[in-house]
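Next come two complexes, and both contain subunit A; in the first it sits with subunit B, in the second with subunit C.
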Partner chain A sequence: MDWLSAMRLDALAAVDFHWLGLVLELMLMPLIAFVAGLGLVLMLRKIAARLQRRVGPPLLQPLWDIIKLHAKETQTSHGLIHEIGIVMAIGGYVAAVTLLPVPGMNGLAQQGGLIALLYMTMIPSLGLALGVGQCANPNGSIGISRALTAMLAYDVPMVIVIFGVAFHFGSLNLVHMIAAQQAGGVATWGMVQMPLLALAGLFALQGMLGKQPFEIYVAPAEIATGPMVEMGGKFLGGLFVMQCFQLYTGGALYVTLFLGGGEHWLTFLFKVFVVTAIPMTIAMVFPRYRTEDMVRLFWKWPTMIGLLGIAFVMN
Partner chain B sequence: MTHIDQVPTPGAPLPVEIGVKAGAARTNPFARVFDELVRFAQSRSLFMLHYCTGCGAVELPPAMTSRFDMERLGIQPMVSPRQADILLITGYVSVKTLKRVILTYEQMNSPKYVIGICSCTVNGGMYWQSYATAKKLNDYMPVDIYIAGCMPRPEAVIEGLRGLIENIRTGRADAWKDYYRRYDYYLGNQQRLFGADWQTSTDVIAEARHYDLFGPATLGAHTALLEQHQRPLEALEMRIEIPELMRRRSRSDQDGTAQ
Partner chain C sequence: MATSPTTVVDQLLAGLHLPDGFDAVAGVIRESLAHVTNSAIWTRYGQQSLEWLIGMNPVDRLFMLSALTLLLMLLLGRLRSAGVLAVLLYGAQFAALLSTDTLFGAPVAAEVRITVADQSLHWSYDALSWFFAMITIGAAFVTAWYAAGSWMRRYREAGQSARAFHVALALNCFGMLLLVGSADLLSLFLGWELVSWASFLLMALVGGPGAQAALKYLAYAISGAMLLLGGIALIYSIGGSFEYGAVVAAIRGMTDVQVWTLLLLLGGGFAVKLGLLPFHLWQAAAYAEAPGAGSVFLGAISARMGLFGIIVFIVGMIGVSRLMTLEIPYTFMSSRELIAWIAALTIIVPTYTALQQHDARYLLAWHGIGQGGYMLLGLMVGDAVGSAGGLLHCFNYAITQAALLMAVFAVVHRTGTADLNQLGGLVTRMPLTFLVLLFGIISLAGLPPMAGFVSKWMVYRSLITEGMPLLFVAAVVGTLGTILSVYKLIHNIFLGQLRVEHQGVAEAPLSMLIPMLGLSALIFLAGFIPGPALSWVAQVQGQLGLPVVPWVLGGIVDPRGGLDMIWLVGILMAGFGVGALVFYGFGGRSRRVHQLDNYAGGHFLTADVHYQYSDNFYAGLMHLIGPWYRGAFRWLERSLAATLDLVSFGAEGLYRVAQPTLLMLAAAVAMLAWVF
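So, the complex of A and B:
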């Protein structure tokens, strides 16, 4: 019996427990992203309020909104796909967040890389398209067709930017990119090294976050918030949660590519908030473009700037 | 079709139950804490759908924008009834308008609150003698707060909203349950106005059953009348009305039958 227990102990010692840390990271990363996203939503609304010379919502307003929406007593579901669509919309961003390295946590960034991250950020639009499709509301259908058109528009400069950045760092691994930028200080930041790509990336970020003047698929006064038109209660609550993740993912991706990630949480979150504040501030002083104008603009200016940036990077 | 005179007159409304019913049935000691939190969140976050066909709408922009800023209180405008908590009706509702208001009200998710602004929603106001105006809004749907005045100033609107917030926080703003519990009364008044074959796209009785909000006065003479006329609810066929396309399709249909 002695040798049996000894063997069992050996077997136990041989088991690698590092995956427990990974599980913890996979739970913590979306949680932190959500809390930071609540702050970003608050900032969005505060910026809007201040630009309109209002006081704006109180500190915990985004949280109260989400709690209230999930606590609705009657829920209007249009079927199974409607519900799965919302889960896909949030799930896509949760998956994307685990691929984004943050200070102290890499999550799946080593295994995933930039292409997988880009792929994950497209899933929410597709999930939303599925869910809205079952609502059979004409406004929702128009909204989704516009959302997918918008994705077509901003993905062209986005892919150009991603390609240029990957070429510059010689890697698709976000952890390597951050390490390369942090090793050399501010002078090696993506923004300093490739200013044209950073500019094109800012354009693409504005489109990705769906802020004015590229807010074509929400358009409250025109198509009654498009995809959200049939969403009430927990469905809208899910989309509010998605918005938190969306703002965080956009900001954090830009910070990772161009601003050297973060040495610790304070600088990281500071950079994320500053970067996200730029599209929000621009949004509040612009009206909305038409769909075809948006596509034309995206395929012209950011694409040209991006291609020029690639030419400089490859030089 | 049943003539309007054959619609029985709804009796005097039953006394409204106020306060949280079935609160004693809670066994989990944390449930009360959770309820408090939810009620607080509900009171601090109100999405407002404003139905502004009346003249009182002109007092809302100052209440919403930089002068008085409703967003301080967590109130913000929304554009679709599914998303909204408050249905804000400014000014008189004509018979034709009231149909739309009821359709909108029934599409909202509970808990939902109705606010009637201006004298016209209270008693018809200066349209008292009009044959085309619905005089008392709370004959047709439960109203949480009336803000009287012709027109009430933005301060009064904000004050009314504060009253509603206080009612929600203390759990007294449950007039929406009344619509399910006394559906027969409200439906009767609607039938008196719109005719006996009046039917909305929301099955209120089924909802009352599903959400356990069935009351002694949910069914009655008027819901029986509704069942006589009721057509089953089905999704609208989605089609594109383009003459060229239609002609081509009908031609291909004919070809198909010929073969």
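So, the complex of A and C:
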């Protein structure tokens, strides 16, 4: 058995793909994710506005913001890595969303499962961290140190949730998970089958999206917005795009794991918006935790709930 | 057909099973060889020696070349060209290893054997030996190249002996080749001791803290060897033979208590070398303080010899299924879970110790200990994907750690320090070294698209499908700690503010850069196309009797969730393309500014202001977990040492002050009581 024969096998398997359709999917999936992400940013601002008794921005405001930031005359770069960091931040998410199946499109979900998706979403964070580091501003570095600590905090309950879900469905393949949940209606949804894990997952989602009370790494008054301190113009614009993808990925992943994915686009996007609205609403009524308190919190409650959830799933 | 270098090369290339496109490369090699074979010297001497070499047993040939390397380094090690010669010789060893064809073909026994007191020591190469020998020679090859030029000049200038370094490296390589080819318990022990003393030599070369650490290693290594010797004695007393075939039969006939004893003896001996908890304390300092290139070699492969022993005896001969039947009394655990948990703790404790290091060399050395845990964990899960992941991680880790250590020592070469609080901003001065370190840290942290992701993914996946939640969480917690720690590494060296004294620093010299960049390319390729490496691992699994991983060129095929890195890396590159398009394609042109043109809360920055965040990088996290570092293992080590000290002091006192004869008598009585 040498790897040449395996290459032929692989090539044969690849023929099964409908090439043109796949290419189209791979182009459409990031585009849809971006547009949905713009909508999620708009919703975030609307929720904040309503809670503060304001009207909030108009429909196309997030898009105009990105265009404005890109069009700015002053574009300050601190070096090549600063620029590449932004490219990685956008590019990593463009790639990651193709692993997340949506109604009618599986993209590359068969080629890499849940763990691959989880680690793929760390690439944008790495890019951002590198870019911020190159800026040579300690405020930014402190922000990244806190953001990475936050990741260490929320990823512990997150991987517990991922273990439980993958064990429950007996697969890491997201397409299988959606099919299994849609087979028996709401009763087979992950949320109904694994309520404790769904709760822990929601907790982790709050941290993952970097919303209050878990946004100490931004802390505008203390470390001058942390990672964003040296970001202006299209550098900030790139981070804006990244945020759109980030909100979409978080929401869509939760829907895929616990809410049966999407039967069609309308229900899918509805679920994504509802799920993402929960952390956003919670965020607006909270101040922020200190880094160590955040770690303590995440390693205590959601971790305990998650482990309890696994205990139920495995029996 | 007459034997000529051309036919030899043809055979080697055929053994590699390369795709058709490589014909052009082979053509170039053939042509350049033709120039050599037409020369007068060749027809006079070369032809004969080549024919003699070809006629040899392939394993003998490998040993002969390795011994020749050692001899030539002893004789010529002082010459300036010794470095280049060493690179060529390691290259020849690599070719000799490929020509054994023991990976895809049948095992080959060496004709060389030593008979001592009716016991014969002999050697044989199979797929497992090939796999570890390949990593060993590869590591020696890149190390020798790295050391061949500017690095060695600096090393000589510091008053160190180039010959000693070359000899130490060649001896390490030779010892490891003997060890991985051992076919009976005596040759195993011979190889084991050779490897132990050779690595001591490499560690202790430069003296100072390195020699201190090497002495500590020696204390551990000798205790480990005693355990190993105990294990060998136990097997011999039951089976009556040192042959591996008889050993397998002897182990099969052992009672549970005997297997437990064997597990503690052999496992303990190998665990010392691998640096498993609680025997991990020697490793970081010993590897970090070795001379730069030596540290690269030690870090890449040396500790894996312990894993090799565990694979041969515990995975291969005892077997994971036997381990599962060995229950620990009064618990729900079997010996397999015990070993898996030791592996998991070996991941977590050293990784979070690495997080606290201020010295780049120590940081990487501590991670090296932690990564060994992933390999053992994968093997202990024991299913097809998990054990393949553990084995594959040996290879992926070796190329990653070698590249990382090379990058760090290149920085040391240029700046004179590895102190993470004394560096910063070097990316503008050493961009290629930065790239090497970046590829390395992505792989070490196990993120796509690099090699480390594939093997770690396989370990995670097996933990999920085999239903081991806590071990899975432990493995991921280790990975998260690694991400934190390696970001600190790259940030504090290459990002942030460039210090005034480093304004004039130049890129690493070419002789060091070439192996670094070559390894980086390999790290990327082994992540992009894991198929070839998986095919080696599959052969090893087949030989060990483990379930064989269902691999393809791009990764794993499995209905419960596979992995196809060709697609994932392809889409990631496409994503970066889109990102570049969005960033560079739209909007105004960006203007580069000086690093002091920064927001500083209303102050103006000048070059003499340190505007860098490096010390206590994870202050928030350490606020919480800082008090958890209690140094329990150091305390254990110290108290053991103090106890030994006290006992020897007492014995000495008895001998000097009381009657020597009394002591002798007591010792003799104790000995007799123990024997009968």
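We adopt the following convention: the second predicted complex is superposed on the first by the 298 of 315 C-alpha atoms of A that agree within 3 Å, B and C clash if a C-alpha of one lies under 4 Å from a C-alpha of the other, contacts with A are read in each partner's own complex, and residues count from 1 in each chain.
Just so we're on the same page, a residue touches a chain if its C-beta (ideal position, glycine included) is under 8 Å from a C-beta of that chain, and two chains touch if they have at least 3 such contacts.
Predicted model, so just to flag it, every value in this text is computed and none were measured.
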item: First (subunit B), second (subunit C), both or neither touched by A:Y93; value: second
item: Contacts of A:G233 with subunit B and subunit C, given as first, second, both or neither; value: both
item: Partner chain(s) touched by A:V241 [first = subunit B, second = subunit C, both, neither]; value: second
item: Chain touching more of subunit A, residue-wise (subunit B, subunit C); value: C
item: Subunit B versus subunit C as contact partner of A:G190, first or second or both or neither; value: neither
item: Which superposed partner A:A224 touches (first subunit B, second subunit C, both, neither); value: both
item: Contacts of A:I81 with subunit B and subunit C, given as first, second, both or neither; value: second
item: Which superposed partner A:G207 touches (first subunit B, second subunit C, both, neither); value: neither
item: A:P57 touches, of subunit B and subunit C: first, second, both or neither?; value: first
item: Touched partner set for A:A49, first subunit B, second subunit C, both or neither; value: first
item: Residues on subunit A lying within both footprints (that of subunit B and that of subunit C); value: 71-76, 136, 138, 224, 229-230, 233
item: Of all residues in subunit A, those that touch subunit C in their complex; value: 1-4, 6-7, 9-10, 13, 26, 30, 69-81, 83, 86-96, 98-99, 108, 110-116, 119-120, 122-123, 126, 129-130, 133-139, 141-142, 144-146, 148-149, 151-152, 155-156, 159-160, 163-164, 166-167, 170-173, 176, 216, 224, 229-230, 233-235, 237-238, 241, 290-292, 295-296, 307, 310, 314
item: Complex interface listing, subunit C residues touching subunit A; value: 17, 19, 104, 424-425, 427-428, 431, 434, 438, 442, 446-448, 453, 457, 460-461, 464-465, 467, 469, 472-473, 476-477, 480-481, 483-484, 487-488, 490-491, 494-498, 531-532, 535, 538-539, 551-554, 557, 559-564, 567-568, 571-572, 574-580, 582-584, 586-593, 595, 597-601, 611-614, 617-621, 623-625
item: Interfacial residue positions of subunit B with respect to subunit A in the complex; value: 37-38, 40-42, 44-45, 65-66, 69, 71-72, 74, 76, 78-83, 85, 107-111, 207, 211, 235, 238
item: Touching residues on subunit A, where the partner in the complex is subunit B; value: 45, 49, 52-58, 60-61, 63-65, 67-68, 71-76, 136, 138, 220-221, 224-225, 228-233, 236
